[in-house]
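Below is one structure, written out as structure tokens; comments come after it.
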């Protein structure tokens, strides 16, 4: 069979029953649009979840008797642990300044102070994947054994909130996207299948007239690809329109929208996803052709 | 036409082409399931958004010279404003205790203190709908004019973050649900429509044999209602299974799931929604019957 | 029973029937004949209102079809039994249900339906095929199911379009006997056919169509 | 060309053909006749492999159908032109495309397709209907499109199932002339019909079926 003919045949079919095909295209577009749409909050939650551990830091209080050299040694011992991402030295003067600025409204407390009562300290940021209640406890026990460290401080409750929030958001997001995608893949498949169901008799006639399997399949695959591809493209246009309206227009009024990230490059694959869905739908819909 | 016959007719049709009808039912179930599923995070975000304003409070510092009576008078003047929800009196001693407990790790600061330098204060919680940057500014200006109040304190940045987060989440949630629902309604309609499209010839024959419009329509409506209703019921079962697995099983491991609320009563209407969708789909699919 | 006055029917500017005038009395049996494409089926379609004339007036069983309300069309059709040239059997139900459909539309009770449908199927020798679907029948069997469906409700007017095209001579003769019996009971019968054997020497009136023109009405 | 040896075909335990043995030589023109439901269509279906026999052996154009690989079935069918009793026209394409389909399946180029399709449609007097869809044709016109489709690819074997059921005597005679011409050019022709007029006095062999039994093979 010449490919131009299958192409013409599928176009004829597409436009010969334009309404019903348009309906399928729109159904698939709606389906893909919905998955993409729900991908936006999940993606953003994931971005937020990934950044959550950055909010966490440990404070290590140093012995007052340590000199510059001793402190460097402590820093080096700490840095040997692979969990450590960065260490910042905070002198007792800096610490007091920071405290004063956070207690801005209650600076009268410090009026009675004659000497700085704060110790020198180190702020340790851990690597993102090391921020997990057990790992942090182990690390802090190890660190406490280093000479010159008097006390280690970190919000245990804050840590476990951060950790479970991260795990929770990521798990939920994954489950949500998997179910959504499965649902929509099914909707697309079923749309194509129902569409081809009407063609049973046509396929039968094709067979009786001596058509090979390839001859019968090709136009259906092209048709499926076209329906899926159009659906995907429409959903892409929909997503862009939606992001434009919501994130550029609405962002003027509600500034929080400005910080919403849109995984645009991912969405660019929507037409391709549509084509794959359409072809797969057509292949399954046709089933194993038997003579 | 006797209703029992239309019923039998639609059942025959449903089971006569069980696979294709099952496909439609599953499509609708998948669609409704997805909308319901995405309703859960939106609903929870809405609950969170509604509670956000509770996190906000204003601190009003009182003149050191006021006695109990004066303070009561200030409280009463404040309470006259409809924005005020509750007022808590915080004595200077309490304030110091609170400060000490938040600064638990740096209590050495207070070692040099001989006298409590903090003033008495009032913590004001505003009504949820009054937590809006403009309203709060106006209110604080009004309050500042009350005798005995030396200073008013509230995090302006925190306030506007809370406010815009609330408005943003609610707006996004509403848009999201509207688009989702529109998409799925379309998917359901289109599924029913494609399904009935095959019956054009059957309808034509019915007409030629003298069937009235009611006779033609009734079985289609029953069929539509059945397909939609089954889809809705399946999606309800799916949602319950999903909540059970995620929120009861997973919650053991990831405690944050425990705080997820599921609008169960709302989901109970899913079968009804399905029936309505099915019937509407059938009505539109049949269109205006013409002889 | 049927009156055509100066009726013209065109499909996309191509005339299928031109200035046709004739009338058929209640209780008559009349044949329509003509070569392939001469307009026989179109004439029948005008009677059961599947097509509307472009010109002229038609009345059927006392109804003037032009003035008929849409809601009355089913009522008219319930007086008419039709043997469609293209059968119009429903493939998703069995033979019994295909025939019974006509009675269900008329709101008959289940017991009467069974009696009448089985009687009608027996008339065309297909009682044993009542559980088969149309696709599992031979061409001639399908045609006889269509005939059974057309006569089961005892219509006042029977329209048969090429009712013996798929039947052998003997079976066709049997069908003609049935039509004669029905006609004898008072039903007006109009048969479109190219098979001269059906009306030769019967003394029945024959409407002869030639490219959409009525060129003769005499018996053969 | 065709050989049946002791062939039996049952549908749900109901025998449609019983112990059929016969053979048709290349270049012959043979008729199959019998009353409605006697098994004519079933016999043709066994030849073009739409049905499989329950017993016995069939060979068509040198292929033993039992041993035929699935992928060879289309090759066999491309040697066969079929006039289906139920037409099997595709309603979503016009007459030209319905006929052309057979040639497209055979991968013919567009120019040859046009020439051949128009020639074939002219043969059955339907050149002027090439742009119509099947639904807008009269019964006889549809049947002639099916005949045009069956002969357009110049098959080595032509199977015609009740090819004149919807045609008047003159048009039917024209179709038989076409079949005779094709047969004269070497095509084997097998016609299933209940219309004795087609084979009376032609001297052609007639296979007579009665309730699935082959009861005679002589010319009439």
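Every chain is named by a letter (A, B, C and D) in the order it is written, and numbering of its residues begins at 1.
Note that in this section a residue touches a chain if its C-beta (ideal position, glycine included) is under 8 Å from a C-beta of that chain, and two chains touch if they have at least 3 such contacts.
Just so you know, these numbers come straight off a predicted model, no measurement behind them.
Chemist: Would you identify the chain whose Cα-based centre sits farthest away from the centre of chain A?
Modeler: Checked the centroid distances; the maximum from chain A is C.
Chemist: Between chain A and chain C, what is the separation of their C-alpha centroids in Å?
Modeler: The answer is 68 Å.
Chemist: Starting from the mean Cα coordinates of chain A and chain B, work out the distance between those two points in Å.
Modeler: 22
Chemist: When the C-alpha atoms of chain A and chain D are each averaged to a single point, how far apart are the two points in Å?
Modeler: 62
Chemist: Which chain B residues touch at least two other chains?
Modeler: Nothing qualifies.
Chemist: Based on the touch definition given at the start, go ahead and assign the chain network to line, ring, star, complete or other.
Modeler: ring
Chemist: Can you identify all of the chain pairs that touch?
Modeler: Chains touch in the following pairs: A-B, A-D, B-C, C-D.
Chemist: Inside the complex, what are the residues of chain C that reach chain D?
Modeler: These residues of chain C touch chain D: 11, 33-37, 40-41, 85-86, 136-141, 144, 161-162, 165-171, 194, 196.
Chemist: Provide the residue numbers of chain A that touch chain D in the complex, in ascending order.
Modeler: 1-2, 5, 12-13, 16-17, 202, 204-213, 215, 290-291
Chemist: Within the complex, which stretch of chain A touches chain B?
Modeler: That would be residues 20, 23-24, 26-27, 30-31, 33-34, 37-38, 41, 59, 99, 103, 105-106, 108-115, 117-118, 153, 164-165, 167-169, 171-172, 175-176, 179-180, 182-184, 186-187, 190-191, 193-195, 197-198, 242, 246, 250, 254-257 of chain A.
Chemist: Any idea which chain C residues touch chain B in the complex?
Modeler: 48-50, 70-71, 73-78, 80, 82, 84, 88, 90, 92-93, 97, 101-102, 104-107, 109, 149
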